[in-house]
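To start, the structure under review is shown below, and the notes come after it.
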């Protein structure tokens, strides 16, 4: 099944903007509405849009599901590692050990930015992996 | 480093779970090592906890009602030791099975770690999150063989469990609306004032939480998922479900009843009578349904409903003796039911059938396993030298002392019915010679030998535990005693 | 009829859907409705009259804000609850796909007849 | 016949439960009680965690443990979906 040229072109042109918006939501999660989960879902939607408008195989060449799986594990391991870093530096698990900046700036949250980025990457990878698994399933239907 | 022990107990199986997914070879070693690490950590905590002071850990350094804290007291120590000990045996038992891949060990470790998370947390919403994590892992473990029956059982459990946890979450919402905090000890401190101003909301929140947990521990009208899920799952998973996972529901119920809603309020809204009635009904129902089952594992699953009814009666009586009996029965049931499911797993792979009738002659072939099965089933019935007797007797004594004679009669009747169905199985085990029916697909003698070695150790250990706790019930009671005194005479910190 | 009552009503509608419908996907829809109603419940118990979204002004340096702000804790809890609901739904749908490919039906009455 | 009976029975049960539910709820809408913890978050959340989005200051600061577990829940769900649907293509 091939979608029409209009849809393909618009999806292709829209893709970078959606990705940009997703990264904005992730990185400004502690300053404005948004955060890791929301931004991650938006990033995942970008991949889903590309896969729906173009063919699945073509998208999978760019975003391989093996890499996405690895990214997902990496996100969670980063979170746990950041938690353990608190223990090693003499605070407790998951505590914010970075100095707080001026309120309203992007560095103001300390560790929050890194939490958001790890969660965002993990959610984006997870959503697209679910999509791949559901789409590629060819059971005996 | 020593102050971080409570979080390390939870995180080490969780970290091992993700490492299992990354490494292909060392999955079993990683799983075993992480659980042993957790057990060692727990044992180092135990001396501090048993000497009387609570171990508290503030996550992220936020104390009190602001953040989440972990509290290890006598009750949580007792339950976490059961979970970790049996979890280790479940991992050892599932070692020889070759087709359990990485996902199996991942889910097993996640479920064990989330159980400890449920047990240690002092924050009621965090308890919900961990319970949902536990449930997701357990749904997948049930569906692990991916046959039609297991998928159906898993889906039924998902629907029922989802509804139950939604009820639980709504109950948490009611509690938050009344008290404005989520920390259980702070809720307990503020609830009496809320009880004076709006009694019906307190009752409603209790009903919601109790209904949610009632679905999880399968009391009579809400038991629909249990027989399918417990009997269709692979045998180690059945032992995990029936031995430990159901006990987590009981733990949550005890926590909510005795810590969040205090004992006085519990008596004031007369919910102890409801617990006793539910216990009696599910006791009778489980016993009578188990009597007519032909499938061995389904029989054991209905027997779980039966035994949980006894625990509920003990909880409902609520005196010191009754609570001691109930908690002791939790320990005993965990040990006995895991033994039975482990034995059932071996029987099913050896004879190739799930029917009780097909087991005839197994007793002559493998006398040691059969002996363990008989020990555990005698304990289930409640025959003196085995541990099940001691706890049942304590509960009966407590019921007579508190003036409930009717439950005692019912417990005795149910024990007779239990004797009927367990003796039927034992009789078949020693019956005629093993029928050469459809033999299972054994390829190569070597696999079977290795399997038998790793599969029989856990059974012998558990059966020895049954006999030990039965001959020296004072040992088990001394394990339970600190938790009971915490529950009845606790002080809000 | 405050939003609190409405959320309880919706909760019951979801419960009715889960209990009485025979189609597996409709049962999952009921579960989703229950989850949504819980979100509505939590958000509405945190509402204060005239409250704004709990995001402070960019220039504040930690003084006590003069504006009224709604309770931020239930909103943070609901972020967690929504993600958990999504996870349960995704898992249930995967199970349904697998069940359908085994039995070729989604009706729970027919499923319980099959062995 | 039996099916309709069942449906009516369910509807009656649900209606009774709804009425009980709504009667039991005693929360004053838009005027919550016991606001000390919430007020602490609103007053001190910015000083403690440095985020002007108070919701983020709770779910990444005070209750980051919940967020970690929630991420793992999502991971288990993804692993489950992939596990259920892989093989036999």
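Worth pointing out:
Going in written order, the chains are labelled A, B, C and D, and every chain counts its residues from 1.
The rule is simple: a contact is a pair of C-beta atoms (placed from the backbone, for glycine too) under 8 Å apart; a residue touches a chain by one contact, two chains touch by 3 or more.
Since we're looking at a predicted model, the values are computed, not measured.
Averaging Cα atoms per chain gives one point for each, and the point farthest from that of chain B is the centre of A. Centroids built from CA atoms put chain D at 26 Å from chain B. Chain A and chain B have Cα centroids lying 37 Å from one another.
Chain C has residues 11, 15, 45, 55-56, 58, 60, 62, 73, 77, 79-80, 83-84, 87-88, 90-91, 94-95, 97-98 in contact with two or more other chains. Looking at chain A, residues 31-33, 35, 76, 80, 83, 93-94, 96, 103-104, 130, 133-134, 137, 139 sit in touch with two or more other chains.
Those residues of chain B in touch with two or more other chains are numbered 14, 21, 59-60, 125, 129, 132, 136, 139-140, 143, 146, 177. Taken as a graph of touching chains, this assembly is fully connected, with contact between every pair of chains. Remark: chain D residues 21, 23-27, 32-38, 40-41, 61-66, 69-70, 72-73, 76-77, 79-80, 83-84 touch chain B in the complex. Listed in rising order, the residues of chain C touching chain D in the complex are 2-5, 8-9, 11-13, 15-16, 19-20, 44-49, 54-58, 60, 62, 64-65, 69, 71-73, 75-77, 79-80, 83-84, 86-88, 90-91, 94-95, 97-98. Residue ranges on chain A touching chain D, taken from their complex, read 29-33, 35, 69, 72, 75-76, 79-80, 83, 93-94, 96, 100-101, 103-104, 108-110, 112, 115-116, 119, 122-123, 126, 129-130, 133-134, 136-139. Of all residues in chain B, those touching chain D in their complex are 14, 21, 59-60, 62, 65-68, 103, 106-107, 110, 114, 117, 125-126, 129-130, 132-133, 136-137, 139-140, 143, 146, 177-181, 190, 197-198, 200-201, 203-204. Residues 73, 76-77, 80, 83-84, 86-87, 91-96 of chain A are the ones that touch chain B when the two sit in their complex.
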